[in-house]
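Scroll down for the structure; my scribbles are underneath it.
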Amino acid sequence: MIIVMDPNAPASAVDRVVAEIERMGSRAHLSRGEFRTVIGAVGEEGTLDQNHLASLDGVEKVVPIMKPYKLASREFHEEDSVVEIGGGSVPVVKVGGSHAACIAGPCAVEGEEMLYKIARHVRDGGATVLRGGVYKPRTSPYSFQGLGIQALQWMRACGDELGMPICVEVMDTRQVEQMEKYVDCFQIGARNMQNFDLLREVGKTRKPVLLKRGLSASVKEWLMSAEYVLSQGNRGVLLCERGIKTFEDSIRYSMDISSIPVARQWSHLPMIVDPSHAAGKRDWVGALALAGMAAGAHGVIVEVHYNPAEAQCDGPQALLPETFKELMGQLRQIAAVTKKEFSEAAVTAGA
Amino acid sequence: MIIVMDPNAPASAVDRVVAEIERMGSRAHLSRGEFRTVIGAVGEEGTLDQNHLASLDGVEKVVPIMKPYKLASREFHEEDSVVEIGGGSVPVVKVGGSHAACIAGPCAVEGEEMLYKIARHVRDGGATVLRGGVYKPRTSPYSFQGLGIQALQWMRACGDELGMPICVEVMDTRQVEQMEKYVDCFQIGARNMQNFDLLREVGKTRKPVLLKRGLSASVKEWLMSAEYVLSQGNRGVLLCERGIKTFEDSIRYSMDISSIPVARQWSHLPMIVDPSHAAGKRDWVGALALAGMAAGAHGVIVEVHYNPAEAQCDGPQALLPETFKELMGQLRQIAAVTKKEFSEAAVTAGA
Amino acid sequence: MIIVMDPNAPASAVDRVVAEIERMGSRAHLSRGEFRTVIGAVGEEGTLDQNHLASLDGVEKVVPIMKPYKLASREFHEEDSVVEIGGGSVPVVKVGGSHAACIAGPCAVEGEEMLYKIARHVRDGGATVLRGGVYKPRTSPYSFQGLGIQALQWMRACGDELGMPICVEVMDTRQVEQMEKYVDCFQIGARNMQNFDLLREVGKTRKPVLLKRGLSASVKEWLMSAEYVLSQGNRGVLLCERGIKTFEDSIRYSMDISSIPVARQWSHLPMIVDPSHAAGKRDWVGALALAGMAAGAHGVIVEVHYNPAEAQCDGPQALLPETFKELMGQLRQIAAVTKKEFSEAAVTAGA
Amino acid sequence: MIIVMDPNAPASAVDRVVAEIERMGSRAHLSRGEFRTVIGAVGEEGTLDQNHLASLDGVEKVVPIMKPYKLASREFHEEDSVVEIGGGSVPVVKVGGSHAACIAGPCAVEGEEMLYKIARHVRDGGATVLRGGVYKPRTSPYSFQGLGIQALQWMRACGDELGMPICVEVMDTRQVEQMEKYVDCFQIGARNMQNFDLLREVGKTRKPVLLKRGLSASVKEWLMSAEYVLSQGNRGVLLCERGIKTFEDSIRYSMDISSIPVARQWSHLPMIVDPSHAAGKRDWVGALALAGMAAGAHGVIVEVHYNPAEAQCDGPQALLPETFKELMGQLRQIAAVTKKEFSEAAVTAGA
């Protein structure tokens, strides 16, 4: 940690900072320049309190050198992590390293029949994990909020029948225990990326967690949220880039394509992109999905509907089944360029 | 609602949109320009599904005319709302209209003695509501997370003794029931502004809610979150601007000063500013507080500490008691310019 | 154009708006809803003054329906434009439609020998257009500002010798006339995207213009700047995405990958991506280049240096020659997926 | 300057960095931590090349300690600068320190009569400097572009007659020489804040320069642009905050209120706010003007029109003369709170 002093900080202020660094068990190195004194604190960074040091008189700024996350970092785990989704009644799908996966399905589960119909379409198109919302985070209290437990049961049955692990969003700490019995993978939505109690609760389960990036979260904050889950003992975290808020208003959210190489350099966790929520409009979903894979992602999560005009939620961004199938073909080609391979759909009796 | 068709949408697509508008109980007005057809849907906008219309073939975009919130809007409630905090064991503090208030205290309650000491300082400086965190949302799982229920009990006792209603942050739906017994005002943090389950739970209580704006929430989204609380029957919502994320890195968050006149034009709810979290550094807290009041806010929420270097949380942004007192003097002068008045601290026996 | 009236605008205000619309030669269609009156103005949108209408009493907002640019739009020119760079002493390189191109070279021309050395490397690696700055826009007045006319002459000679058209940034209206004699393609930097006098001056020449997107320009503003050039009669505009400013601080600029499908849907102009300036760090240049091509770009512009530590400008983002060559191999594969092909380098005597 | 090495940088890389620091005339201090080596370079920072150091193998990042601007900094000039506008045929208006000023007038000069009429209104309302655009930067090439030299002559004559110095925007290096003869203060628009050639040209004149902040410029970049002007020998720079681009779409630009205390802490230059361009809508201009003064600005620049619906440019944001006068009354009160005073309008014969 580096402490930069104000140009006119008195010697006593410098002494105080040095004393505090030593009290916390680190060594202090002074560099007195012509205009400023800079103090380096050498030791284990976790034991130094950045905030405390910044509060001391005469301190202009504190620059941390070490990353604030540990379990999520490449330094901790040099190789790419491979996360396994599924097992038990459904096949295991691997994501990470050279394993790419496509997670697809409806935005929200709106009925049993529509779910099965879409699930068959996405499986035939090449998806190996089924997505579908049962509790929906909606900006308006007056919008459709999801069918809850009933929809969850349909998801489970449908995943089992088609041989696809299921990925479902959890919104509230009170839902975790019950949902754990049904889902193969929890999804944490962008608006809950810093719902720390929720992160801790899913961290206590042993189901993998697809962690969407918050709409204004830096890559570092995103990895800190991953750290919350990891620190509870759950090592199955998948990062999911889904677009950030910027000034640009031509598209719903701006997919931050650079977060992919950055997060992959800093962390060993697998990276998924969600082009549907970023684009908000089906015309642009394909380009963003291809870009995500080309930038190094380990897969995509996309929304598909056979009749988007019927969807109660996010219809404009849902791909038609045939478009989805074509896109998967292109994604496989791009994956090959970046040395990854999409798993094949498991063929099961019920299919 | 206005539906703009693609330049080359066929007549059948236009007919389909018109039919859907009529099916939803509104009337459709067609304007066929040389290049484009525009359809106006006239009726009660709440009954029209924007998403559905946007999903139809040939639709380029859908422009809503009405605001998506109702109970939070000026149209619904023309006069400024006055929210009352306190009552029972403590005096009532009014906020809204011509009533301004200052909410102050430590960032986190770190001990009984420090709490009482700071509380006395802020009361003497002119604050009438006491703040203090007992559950702290921290970006790192390894940081101090608050003292919980013990700290909550100290807050209640301290507020009672000094005659100040208390305002405390709630982070999880599971905390609402217990906290309701203690607090005079719930605070919803910026990172939970779209934790919709939490909004609903505090909406079911009858304690006022200070709703901080999310770090990347538009004013419209913020008012939609207020609507979540209001729609449960709780009419005591205070909006709190605390800075947004922008590209500017000289300061922690950029206080969006224009949100104050905008939200006040669109909504009747009282508006508070939080200069401490925006600035992140005590040097700049005063300027932001004064600016907020000048822009039309009904008060401020600020962090104060007699020895910031001791604070376990956000010490660098805490004002010293004497600086706080001076600032209150200036705030009173600014309030007068915008026709508001700060309530006087209640004088109680324990003071 | 659609004019939304305030909820309590009087009938006289509505009449005034209608009268103004008719005075400007359009027809007005009224839709009186329960809460609001909405007026559609039907006619040629260019003849309506949005600003004027927005100034009238009782007007809440004005929503334009038509795009504000014409020559840059797909409606005006349905097919992809193919821009030709070069001719005369150097081969013609086509960009647009199915033609992809790689523009590469040093950030700044710092000497004759270094220029030739880098130029040979990039040509051997697969670039067909040579880039190199001679006037450098630097944020500090104390930084190296480029070698000017001398460097420009080296660029011309080098391009001629290696058979590569040259692309050079122009910064000031006073440089246009002289530079036109030397360059095959003007580059307009991000900070000059709305230097309207400069846009007009290069618009008067007949050399193509690579127009970098401003750091906070919307896609619409970018196309308006292209319109400035096109409106002077110069039809050779190439759009270049180079990253925008966002809150994310892990990388220098956030490449706005979605601008590629959006601008390509709205406009017929070719699209280039500049991963070097977005990344600011060579580690991430490759991923961004691949993502840009996968999203539909017609090529890349990249910086290359055989010894980046020697570069006076932007060394950290320069690719090494061997990395560049490898990247070109991957770019060719990605281009094939999106149905484009990179031109082969011309083989010339001097090579 | 602090150089942080990669966790696995070899000793040879560290040696190379040390050697380079010493070659540039500074001393290197090594801090070898358990995980990382950090090198402090002590000496005159201006002689160290950050870019060069960042390019060296094994360097993770370089953190500058000193500010990159000098003449604009508080360290260089501890007291607030007081800039004088006018002199000769018009009174001198002081801005900076305890001197506040109001600059007002039409957005664009559209005719002689309208100019005189508005100029009289703003002088009577309390403005002491007259603004008016003669070359207008417009996003569309088809919009009104200003009346040029004719309008400039009207401005000069009007200012002389009413005893008000004039402030006029310059857009192109080729305009500087001629305009210098007429204007009392140059204005550099937000889109030209990094038009470095233009900054240098106005820096060579001896007329003060009102430098608007770019729409996505950091405070640091803004001060670097001021440094361009100052480095040419022109010490009369006024900073002008006019709003930045953010995700918020309720208002045209988000006024970055915190830039005022930040820039005032870092620099001695006077600070003006432009609430008109930030708001884009007259309803919100007053609140932003008051907030700017409360945050510590030395004045405002506002647009006024007696009949905004007639304006060819930015009518919706122009204040009516009576509103302007009222606002000036409130601004004087706020100025008193922050220890500043608006100069009185000079009374001249022609008035």
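Worth pointing out:
Order as written gives the chain letters A, B, C and D; numbering starts at 1 within each chain.
Convention: a contact is a pair of C-beta atoms (placed from the backbone, for glycine too) under 8 Å apart; a residue touches a chain by one contact, two chains touch by 3 or more.
Since we're looking at a predicted model, the values are computed, not measured.
Of all chains in the assembly, those touching chain A and also chain B are C, D. Greatest Cα centroid separation from chain C: this falls to B.
Two chain pairs are in question, A-D and A-C; the one with more C-beta pairs in contact is A-C.
Rounded to a whole number, the gap between the C-alpha centres of chain A and chain C is 32 angstrom. Note on chain placement: the centre of chain C and the centre of chain D lie 27 Å apart, centres being C-alpha means.
Each chain gets one centre point, the mean of its Cα atoms, and the points for chain A and chain D are 40 Å apart.
The multi-chain contact residues of chain D, meaning those touching 2 or more other chains, are 216, 244-247, 249. Those residues of chain D that touch chain C in the complex are listed here as 46, 51-52, 54-57, 68-69, 137-142, 171-174, 191-192, 194-198, 200, 214-216, 221, 224-225, 227-228, 231, 244-245, 308-309, 311-316, 318. The residues of chain B lying in touch with chain D in their complex are 216, 218-220, 244, 246-251, 254-262, 265, 278-279, 283-284, 287-288, 290-296, 330, 333-334, 336-338. Residues 2, 4, 7, 29, 31-36, 38, 40, 42-45, 63, 65-66, 75, 216, 245-247, 249 of chain B are the ones touching chain C in the complex.
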